[in-house]
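Order as written gives the chain letters A, B, C and D; numbering starts at 1 within each chain.
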Amino acid sequence: MLIEWLQSHLLSLMVFLPTAGALFILLLPKNEAASIKATALGFTLFTLLTNIWAWWFFHGLADFELQETLTWIPAFNIYYRLGVDGVSFLLITLTNFLMPLVVLSSWREIRTKLKEYMFLMLILQTGMVGTFAALDLFLFYVFWEVMLIPMYFLIGVWGSGRKIMAAFKFILYTMIGSVLMLVAILYGYFKGGQSFNFVDWLTIPFGLKEQLWLFLAFGLAFAIKVPLFPFHTWLPDAHTEAPTAGSVILAGVLLKMGTYGFYRFAMPFFPEAVRYFSPYILTLAVVGIVYGSLVAMVQKDVKRLVAYSSVAHLGFVILGLFALNQKGVEGAVLQMINHGLSTGALFLLVGMIYERRHTRQISAYGGIAAKVPVYAFFFIFVTLSSIGLPGLNNFVGEFLVLLGAFETKGIFGIVAVLGVVLSAIYMLWMVERVFFGKLEHEENKKLQDLGLREVLILVPLCLAMIGIGVYPKPIMNKMHSSTEAFLKLTMRTDAKASAQLLTPSHQYMKNDARIIKN
Amino acid sequence: MLRTLYQYIAPQTLAWLIVALPLAGATINGFYSLVASRFHKHASHSFTSLIGCGLPVLSFVISLLIFVTLIGFSAGQDPTMITGPLFQWVVTGNLTIDLGLKFDQLSLVMVLIVTGVGSLIHIYSMGYMGHDEGYARYFSYLNLFLFFMLLLVLGDSLVLLFVGWEGVGLCSYLLIGFWFEDPTKAAAGKKAFIVNRIGDAGFLLGMFFIYATLSSHNLPPTEHQYNFFNFEVIKHHSAYLMPVATPICLLLFLGACGKSAQIPLYVWLPDAMAGPTPVSALIHAATMVTAGIYMIARLNFLYVLSPTAMQVVAWIGAITAIFAATIGLTQTDIKKVLAYSTISQLGYMFLALGVGAFSAAIFHLMTHAFFKALLFLGAGSVIHAMGGEQDIRNFGGLKEKMPITAWTFVIGAAAISGIFPFAGFFSKDAILWHTFHGGHISLWLIGFVGAGLTAFYMFRLVGMTFFGQPQMGRGEWQKVHESPPSMGFVLLFLGVLSVIGGWVGIPEAFGGGDHFHHWLSGVFGKMVVHEGMEEGHAAEIILTVVSLLWSLHFAILASVIYAQRREWPTKMAEKFQFLYKLIFNKYWIDELYDFIIVRPLVTLSEKVFWGVIDAKVIDQYGVHGAGRLMIFWNRCVTAVQTGVVQQYLLFFVIGVVLILWGFVF
Amino acid sequence: MMITLTHYLILAAVLFCIGVFGVVVRRNILIIFMSIELMLSAVNLVFLSFSRYLGTQDGHVWVFMVLTVAAAEAAVGLGIIVALFRNKQTIYVDEVKELKG
Amino acid sequence: MMEPIFFYGFGGLAVVTALLMVTRVNPIASAVWLVVCFFAFAALFITLEAHFIGVIQVLLYAGAIMVLFIFVIMLLNIGAEELKARTMQFSGLLGGLVTIYLIVLITLGLLKNPVRFFEPLTEGYGYVAPVGRLLFTKYLVPFELTSVLLLVAIVGSVVMGKRKL
């Protein structure tokens, strides 16, 4: 009985388990550090278990699964409506997979205000999972904002260096985008029969002008989040100053919100605008790849380097999405996950060495591979994954993205291949300067190698990298039908035609909503 | 009973083990080394050696088994075996990538070379690396290399080939930088990887081009409808690739240039000599660098579609051959000489490919693997004996102290110089003859001159190292010793191979069977160049004799000069100072690349992109500019906030008045 | 001549505006405060006038409430004035500018 | 007809005393004028048949609140030298003009509407009993809420009045 009830509310469970954990943490006394940590870890693990449970119920059909619909604010036709397709389900899985590791990584790093920290972490998880799962634009917007606030505090309170500046830059950049998005949401709400329902929006007959403007409003919010080339400068600051866990989540999940937004909202809603803008966005994506790589090459701070590399990696994702063929899109989705794993792992690794040496300057290291072989092994392994070595995860994504882009967008694919070369240059150069050569700095001679906890954090990530690299099929099987549906919607030429394109379950969802409304 | 057992261990079921065993070795040793180093323990040498050498040898045995089985098939039947898709890697839209292994004449040759020479070098390494701290790590890398190299040659699709292609690049990176505490070695590893990556980018584009072309046609349904990266499928549909064959081939050739160190991407190979010498022998001479040749041979059906691409391949090969040979003339580092000779020999192989003599290229690949591995291992033996010294000006007279090394080295040198009856003679001759016969006289001339130069610099090396007077101090001379038996055995073994290795391909003109060529004809078909061979026997004999004399004359000249009259070259160098400097400094190509590409790129990134666009344009003017604008606005608006509550009230009353105004009037 | 509702309303408005005048113009916080009391009373007058006009006594109840609020306000407000004087040594509002932006 | 006499008499008194209140320099004088003003108010209330409220006005305002005011003024004990002379400020001038204009505006607005005459009253209007009945029936909740308000005010003023908590 209970089991059945839980089964039909798996998504809500995943969204609100962390909140429950957060509330539970509030009840704990401040100085009980051990139990606070254990609670946080326990609840994130619990969420992960729920996710694994949900994995069996998620079949990768062409519609939204695990749906839940409740009336929320009937006066404005707002529903609590959750549901996932292949892509969002995978991203939720990524989020829930990263969270326990991230909590574990904060074990020793966070010494002040631990309770508040863990509380915010769990709230952040709620925001992230909710954002991926929401199918009501209003709900989406709420979760989107819920996610920003904890991140702001994580950077501003537990960060390092110029953390306040970084936190402000992060929040202002993002808010500018999201406010525009809110305006666009409201415009569409009033234009299209006062509904926030995702499916209803697909049938709103926007004119070309409207599509262009609305796409720009949505697109800017997402482009800032991605970040696309000229909107990327918040990223290095936020990444660099954030605590390790913050950087990991920022890179692993929050950046995906942008690309996910393109995938879920901006592109299917405004197909005309996608056709109109795609050359420009592709240009920005490719510029981002090359530019991000080149700037990453000359960074002096490891974290900043990784942050710029994110700009390049996310450029690949956008390239894949706008290639508008299934290879590209699936590659892009895979690349989102890969970037979460690889860059997340890189940030974790940087955090580990930062904990020991309290510096991230490349010049402060050199030759430490001899001193910390296990650390060096993991770092180089993750580096190789990040530069797309075949057999590891990033290769699959990059390969599909480039192939897709080459097939439909020729020249953009060709230029983007440069990114493959450049990524090797900046990553390996950094590895060379950090790990190889003579051990010169006195402080480095006392470095401790990784302990069991740290190895435990890294091993699941590395296994996932190998798994995806060698046998990506189980993951890709989950998203085939979703990407197909996405392409159908995005490529449609006539707004009226979209009604026919909606898959049966979309229809079902609409009826469902009607019933509730009556 | 036995029959059932045999079914289980039949080649088909064992095939994947060839690839898997080295991977297992790499994993076990890698993990072992990691754990040992974490707890500051010494990894056990015997365990490491057992795993590290045993598994490759086992892999070689299985390859041999499969070879024997396949060769035993009835005559006329194609001894090809495809394991079928081992698993499906990616399926999406109109793309299917199945991964499987493919054994045919070509990959069998390659597998035997890789596992055979590889195993020998593993055994050699037991002695050579015996004193090294990172013994287990070394074997783990070496096994990993074997794994990727086997994937490369056995893969049944371009994707798997690419996986191996990048993987061997990785191992090359790891092994060149094996002694990472020396910054120049680490840098050399990185350089190798990056230069290879440039080629790989071209390779990727070539693959994409093939795919995009094939997928744009509505191909008739076949078994592997969307498996457009599979060699069989590409071959089956190669007619569709006709119009775009030239760009595809050139892009793929860019990849080959990177991996096989051809102009303009050869610069990494000389630096790669920073790795341990067995690594140079295995990776940078015998196997990995020949991947480009293998790839083009594998895709021969594609290359023959584009005469332009073939021309380019031939010319790049020929120019590289002579270019590298000239640099080899002046180098003083024993391994650098061998490195340039490798580049030069690879050039020959590309020349052969370019003129359509695919089997000659593979033949030379094989013999080259034997004698170049021998030469490198010999050099390693010398370096080992000299305690790390690599400058040949400090050697001399070593044959007294280390006869095995010396005489096997001479065999190797003779083989590479193309002296009868050593292995290189037949293979190099096949290349030159096919070039000449194909009507490429100028290419032939270049190759011919290059052959002379090869003989000259190789025997210069022999002369300076093993003959003449010792050039080192007495104390050092005392310490020189012959290498341990594990190394000596490998040298002897390879020495034998360098002698007899060429005999499988004695051309018909000499009364041989040209077995090698016939064996490979299943893959390459009856090449155009072979038609009308029969009438050319006389010409072939004449040419061969000429080139033999030509090489022999240089070999003798060089060994005499450098063993007996060392002052002559110095005088020559003084006379042609500019030329000597130019060649000695390798035509300043590294410096040129640094000046044209590396420096501008770094400066551009740091000063312009990061310094100006990011920091100034976007951040300072864009982001902070918006902030400053807001602050300005704030100043304007807060002027109203005087803090005097009465004034606020006044505004309030004024507001009331205005609203009432609206009501009243 | 009859005294009508309008008469009372105008009277209340005039008194109210005198109160406003006091609040806006005077700087002595005590007088401002008294002006506020005046304004409250003016409002009470309006309540009562309407009550009279409509013939119900609901307005009386509301005046009662206003008186209570006025009493409460006086108690708190005078407390604030005392506290202000104790801290700032002034009863002039233009000398208290802590809210300046 | 006594009504116009009462209205104009007490109305005029209220206006005059109110003006005197806002223009005095000395707060004591202001307070005294305000007391007079409240008496005039009370008279006006009674004219409007609100006898109970009129009485309350005198008791509460004139009797209690104004005494409190005078207590405070004396507590603060501001000497004549500390009282600022009347200086004209721009904001004050503007405020005065705006207020005068406000009066004109409201008067005009009221005069625009038709003149409303008072109806004859029912029996018992303005007695305490009906007010009390309303207070304890229809307006029970607001009435109870005022008690809370008063409590808060008491607590507030005590907090404010103490130097240290």
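Rule of thumb we're sticking to: a contact is a pair of C-beta atoms (placed from the backbone, for glycine too) under 8 Å apart; a residue touches a chain by one contact, two chains touch by 3 or more.
Given the structure is predicted, the values throughout are model-derived calculations rather than measurements.
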Chain C reached from chain B - shortest hop count over touching chains | 1
Which pair, A-B or C-D, has more C-beta contacts?
-> C-D
Quick one: chain A and chain C, Cα centre-to-centre, how many Å?
-> 59
Rounded to the nearest Å, the gap separating the Cα centres of chain A and chain B is 38
List the centre-to-centre spacing of chain C and chain D in whole Å, with centres computed as mean CA coordinates.
-> 6
Where chain A and chain D are represented by their mean Cα positions, the distance between them in whole Å = 64
Touching at least 2 other chains, the residues of chain D are 91, 95, 98-99, 102, 106
Residues of chain B that touch at least two other chains are 644, 646, 650, 653
At which residue positions does chain A touch at least two other chains?
-> none
Write out all the pairs of touching chains, ordered by chain label.
-> A-B, B-C, B-D, C-D
Residue numbers on chain B that touch chain A, as the complex places them | 34, 37-38, 87-95, 159, 162-163, 165-167, 170, 173, 177, 180-183, 186-187, 189-190, 193-194, 197-198, 200-201, 204-205, 208-209, 211-212, 215, 601-602, 604-606, 609-610, 613-614, 618-619, 622-623, 627
Chain B contact footprint on chain D (complex, rising order) = 91, 94-95, 98-99, 101-102, 105-106, 108-109, 112
Can you check the complex and tell me which residues of chain D touch chain C?
-> 3-4, 7, 11, 14-15, 18-19, 21-22, 24, 27, 30-31, 34, 37-38, 41, 44-45, 48-50, 52-53, 56-57, 60-61, 64-65, 68-69, 72-73, 75-76, 78, 83-84, 91-92, 95-96, 98-100, 102-103, 106-107, 110-111, 113, 115-119, 121-122, 125-126, 130-131, 134-135, 138-139, 142-143, 146, 149-150, 152-154, 156-157, 159-161, 163
Where on chain B does chain D make contact in their complex?
-> 644, 646-647, 650, 653-654, 656-657, 660-661, 663-664
Contacting residues of chain C [partner chain D, same complex] | 1-11, 13-15, 17-22, 24-28, 30-31, 33-35, 37-38, 41, 44-45, 48-49, 51-53, 55, 57-58, 60-61, 63-65, 67-76, 78-83, 85-86, 91-92
